[in-house]
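Mind having a look at this structure? Questions to follow.
Think of it as A, B, C, D and E in the order they're written, each chain with its own count starting at 1.
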Amino acid sequence: MALLKVENLGLSFAGLQVIKELNFSVEKGSIASLIGPNGAGKTSVFNCLTGFYKPNSGQIIFDGKGITRKRPYKITRRGMARTFQNLRLFKKMTVLENVMSGMHCRTSAGAIGAILRTGAQRREEAEIKEFCESCLDFVGILDEKDRTASNLSYGHQRRVEWARALATRPKLLLLDEPAAGLNFDEKQQLIELIKRIRDELNITILLIEHDMGLVMKVSEMITVIDYGQKIAQGNAEDVQNDPRVIEAYLGREEDEVA
Amino acid sequence: MIENHLIKKENQMRKTLMLSAIGGAVAGLFLCGQVMAADLKIGIMVPTTGSEATSGKDMENAIKLAAMEINDGGGVLGMQIETMTGDDACDPQQGTAAASKLVSADVAAVVGGYCSGATLPTLKIYGDANVPFVIAAANSTKLIDANMGNAYQINSTGFDQVATAVELFEKQGAQKIAVIHQGDGYSEDLAKLTRDKWTEMGKEVVAYEVVNKGEQDHSALVTRIKSKAPDAVFWTAYYADGALLIKQLRQAGYRNLIAVGDGSNSPKLLEIAGKAAEGVYCFSNPTVDYLPAAKDFHANYKKTFNQEPDAYAALAYDGMKLMADAINRAGSTDKDAIIKALGETTSFTGIAGPVSFTDKNTLARSNFVTLIAKDGKWMLNE
Amino acid sequence: MSIQDILLQQLANGLILGSFYALVALGYTMVYGIIKLLNFAHGDLYMIGAFIGFLALSVLSPLIGDSWVGILCSMVLSMIAVGLLGVLIQRIAYQPMLTAPRLSILITALAVSMILSNGVMAFTDGEYLAFSTDLGYEGLELGNVFITYTQMVLVGAAALLMTGLYLFVHRTMYGKAMRAIAIDQDACRLMGIHVNRIIALTFFIGTSLAASAGIMAGTYYGSIHFFMGFVIGLKAFTAAVIGGIGSIPGAMLGGLLLGLLESFGTQIPFIGTEWKDVFSFGILILLLVFKPTGILGRTEIERM
Amino acid sequence: MSGAILEIENLETHYGKIHALRGISFSVKAGEIVTLLGANGAGKSTTLRTISGLIRSTSGAIRFKGEDITRKPAHDIVKMGLIHVPEGRKIFKGMTILENLELGSFTLDDEEERRKRLEHVFEIFPVLEERKHRDSAFLSGGEQQMLAIGRSMMTDPTLLLLDEPSMGLAPFLVQEIMKIILRLNKEGVTILLVEQNAKVALKLADNGYVLETGKIVIEGDAQTLREDESIVKAYLGE
Amino acid sequence: MDRIDAKAPTSAEVTHPGGPLRWLESQKNRLIVLSVLALMAMFLPLISNNYVLEVMTNVWFYVMLCLGLNIVVGYAGLLDLGYAAFFAVGAYTTGILTSHFGVNFWLTIPAAVFFSICAGVIIGGPTLRLRSDYLAIVTLGFGEIVRIIARNLEITGGASGLIGIEKPSLFGFEISQISHFYYVFLVLACLACFVSYRLQHSRLGRAWQYVREDEDAAEAMGIDRVAIKLYAYVIGAIFGGVAGCFFAAKMTAISPETFTFQQSVLILLGVVLGGMGKIPGVIIGAFALVLFPEVFRDLGSSRILVFAIVMLVIMLYRPEGIWPEKKS
């Protein structure tokens, strides 16, 4: 069953067509990837999915319901969480507070509860804390929970973003270039983590990546786009041998530069 | 870790320093409130800062001059007067602070009151403390209702001014008039009273307008007024904006009567408006320029402060003199006695004329006069 | 006066008032466009311009008289002096704040505004000063619409200055660099543009335009005061936002529009002088709600 | 290192808390095309931005034409003939094409010279001349790239730093751009090219360096790199 | 965010001995200092004259206003240049209801809260999507609109405003002396601190901070930024409204002149000077706001000038405000 279905998606900015008639779907419980060279429109696709851009045409169906052009927070509440390509942490806040932001949409205490510090409110706070700590534990940085986010290493900051996304209790997790800026060891850990999220937490994953090696290792279904259009789809092997993909990544072999 | 620790300690120190600074400031306040004991302390409440500072300082000078003269003449009941100024900045909040400051300093009486808005909330404070208060300039009719019995207004009230104004308009044969105020308590009060009185007389107020303080361009308003063709235009607010309005009215070709209220009684109006001001009428409380009795005061003031006295100098001066007179008559600095003596005033004649009070503690006889601008000077309109 | 005449006269009034607003709004918009700062002190620089013009005129008038020549000379002097003051303020107060939180720099601008107005207040004892010039009331009567020669000269001067600015910004290298900095500072550095120098130039021009408006207002209305910059600063700010802050033609348009709104607002039944400010602020708010970038403002595409 | 027009020694740069460059050394000889390769976030753009003075390095030295420019402000470096065409083109959208090009010659006072250079740019990019009075925002990606390169040529560069000129361009346009780069090189401009499109870049270049997390991991002449299996692997996986 | 709140020192600080201020670092000793300060505040009316009380009452009043604006500016990061409008709404609600309709003072408070919420929603609803600079002008315009409405309407007493507002009484005891009001405003200020503190350290408080730091990331985490901003606006409005009620009762006379743009700026200064978002900082800001001009009254008309220069210097050297940042 497809958890996410994108049909005929189109997006243009100031006359520039960024995404053209894009179709793809993500099966429930799978790890899927969206790849393509720089500037191919991958992040724009993510921004359409999560509501930050309003697509000009097409439909996005998530968990059986249309979410096209819905506000981002509503989409998150429906169960789609994302990370950002350039880290978007709340830099001056602690790691735990960062992760707690994810729980916001799953909790309800308001101003009155906060002022009176009612029993329900205190219980909820405790629950939030406990769950967020478990998220931090899951990504392996529980020890850092009281540090200010901006003081963490780059790799750990990425993990905070992950934990934060997990705290929204998503059905589908969108990862925007999770391997960017990571070294070899960190990439290996990343692959592991992605698999654990799917296997242990039952969360479907769609990632955008540049690093083909990583993508090939984790994904079950790969969609390749270039110039906002789908150019190939399939498993790692299919995609790797697709001449159009090779061309997009390495440049055309046969062309001679004068 | 050590670095963190040091930073924290530094923070700690800063915070402690800051707390001490606040403590110091509060302590400073205490010192401010305590003033050295004097023989007879009289409070002056006027705006010495803010937009009305010029007039306020002028009044302060006049009161101080009166006090100096009294002291030179042997003082009051053998005591020397020491003045203490509370700045109301023409702002209600600052006014209450100023009044509390004076009351806390245990003044025997207060003279002053320029802006009606700022004076209004202080009446309660002086009333609670039972401090005799001679209001020299502020004259909004609202002051009458808020008066707790201890305050006396020696400036004629809005009612008196309106009577003077209406009399002039009638005499000049006006049927349709335009009234313009500036959106503050004083000028709106005057404008409303004029409007009500004029319509009561069965005549027409064709325009009742407001000018926002600080705006310079009144051309739109001028066009509107001109289109209503009034026989007279009455500006009830202050001179600075009034001058601009007069200039622009004349520039746009309005040729009928223009009159301004006592807030506009200033040579500055003539200076700014230039020849446009020729023939403009002004209703005025007594000012030194044409008061025969004020000659000495005028000379003294100029000598002492090296400047010309402004519109309210004479009344402020009278206010101080009246207060001294009342204390002399009361024979003591007992507040009730002074208040009683003030109320019984009949024989006091200041440079602005004789003073006695109605049962509402306002001046019994209007001292409003009509001035006219001639050759760049205010003259008595005969 | 017939309704038609009244409306025509109000149109003229609105355009005259609007050209003052536009002149001051230009400085707001230029500074905002280039460093994204709402320079609250701009209205006060208008006021300082009037005061320096006053000083210059009182010094110059014995030499060259206080008619048009004298006014023109003191206007130029005042524009240069205030322009330099603007650059000084930018260097001392704004330059170090460019990396600070946005709110802090706004507060800094408020502080500068208070320093300027209260400084002049302390200096002049809060007095209104009267310009000695009297430019007369002669004018042209076009039907029932009356416009004085002075008004015509002032509007002409404002138009001239605005045209000059437009040509400067579009025809000279420095003007082009100014616009380019507003778009992308890094790219400008890579073109060999000394960004800080151009920013200083922008401040110079923006504030000297305000100063020119200040001295024109001083001679036209006849009096100056330490507080005179507040209301016009507020209005010019509004005008700049209506036109689309950051856009130079927008500021001109916004200024004229606000002038017209106010003068017609005065005339419209149930609005009148009492409600005209509510009317223009109300329109401002509505405009922003439905077109948040102002009339000529550009929408920016944000990148994730 | 005689003949080197640009020398980088042990360059380290921090981007906030991120240690973006961890000691990079390389050099570019006059007349060469040198390419920097690497994945996203490897530090290629940071290297260029540090060289052109947009960001300050933490340590290390940059020498251009033998002069130390490590602490020189960007606008002074431009005057020496070192021009950086940034990633994403950074053309001045909202201004016309002509204005964009004119700004490229901001440092020039000579009107005559400016006209000559303009003619030269229009000769290489006729498409720009056709539309010179149009708003540059409405150009297509390829045309924007041409404008960016054209703008840099208005400065009469000795050394051109090009950051991903092929990004987001259709293949035929990539070829077009590469031809232009070669042509500039033949006209005597030394080129330091950052590319993601490794094949294309290595075809053009004389020498190449591969960056990974702020360090140079592979270096060599383009021929060798082209045949290096590990490069292909790095880009396409196993 | 500042955890080192005067009210609740965290345990983190307790563990660092040494230094000349060593004893201040223990929670117990800091509590002692605080208690002494609290006692001083409580017994001030017994040892001081009316002037000091008047000024200190004003301090507590501004503490409440500044804390209210701090929720909007400091917590949610929205620039509001028309905060005096909310303060006006409260003051006029009390003024009109007590003087025209004879409503008991205490009953006007819920009414004021209601109208403040309405005002907050009316202005915040459509405008909170705007960029922050535009929000500044919109709030400024709103502030002016409220002032002009108050000036023009008959029911608000026009330009002269309302006089003779009834003094409140509590269980038959009339609150009329300045010392009474001192305690009323002290309690209000403490309440404002308490509510601010509780809000700051709650789910809502965190949400404000998320939105302030990065709107997009917050939205991606499922936070409805418009609703969250509106929440801040409305709560800030309630603070202002309630402060306005008591202001009206204390002054017994209110007029539009109190609710000008300058008043809004003054309150904003209090928030920023001390350090926005930090409760102790805001309190210090309010102190500075009221005490500085009083203490330097002798400077006469140039004291505002000096105040402004001090403000500029503080901004240049400590753009985050006087109160130190938390370091971690």
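In this text, contacts are C-beta pairs under 8 Å (C-beta built on N, C-alpha and C of every residue); 3 or more make two chains touch, one makes a residue touch a chain.
Since we're looking at a predicted model, the values are computed, not measured.
Each step here moves to a touching chain, and the least such steps from chain D to chain E number 2.
The greatest centre-to-centre gap from chain A, using C-alpha centroids, is found for B.
On a Cα centroid basis, the chain most remote from chain E in this structure is D.
Centroids built from CA atoms put chain C at 48 Å from chain A.
For the pair chain B and chain E, the distance between C-alpha centroids works out to 32 Å. Distance between chain centres (mean CA atoms), chain B to chain D: 73 Å. Once the centre of each chain is set as its mean CA position, chain C and chain D turn out to be 43 Å apart.
In chain D, no residue touches two or more other chains. Each of residues 125-126, 274, 277, 304 in chain C touches at least two other chains. Shown for chain E are the residues that touch two or more other chains, namely 152, 216, 301, 304, 328. Taken together, the chain C residues at the contact with chain E in this complex read 32, 36, 38, 93, 96-97, 100-108, 110-112, 114-115, 118-119, 121-122, 125-126, 234, 237-238, 241, 245, 274-275, 277-278, 281-282, 284-285, 288-289, 292, 304.
Chain A contributes residues 50, 52, 71-73, 76-77, 81-82, 84, 88-94, 97, 100-102, 104-107, 109-111, 113-115, 117, 121, 124-125, 128, 146-148, 151, 164, 168 to its touches with chain E in the complex. On the chain A side of its complex with chain D, the touching residues are 14-16, 37-40, 150-151, 153-154, 177, 180-183, 210-217, 227, 236, 240, 246-247, 249-253, 255, 257-258. Those residues of chain E lying in contact with chain C across their complex are 73, 77, 79, 126-127, 129-134, 136-138, 140-142, 144-145, 148-149, 152, 216, 261, 265, 268-269, 272, 276, 301-302, 304-305, 307-309, 311-312, 315-316, 319-320. Partner chain C is touched in their complex by these residues of chain B: 50-51, 53-54, 57, 209-217, 219-221, 223-224, 226-227, 239-240, 243-244, 247, 250-253, 268, 271-275.
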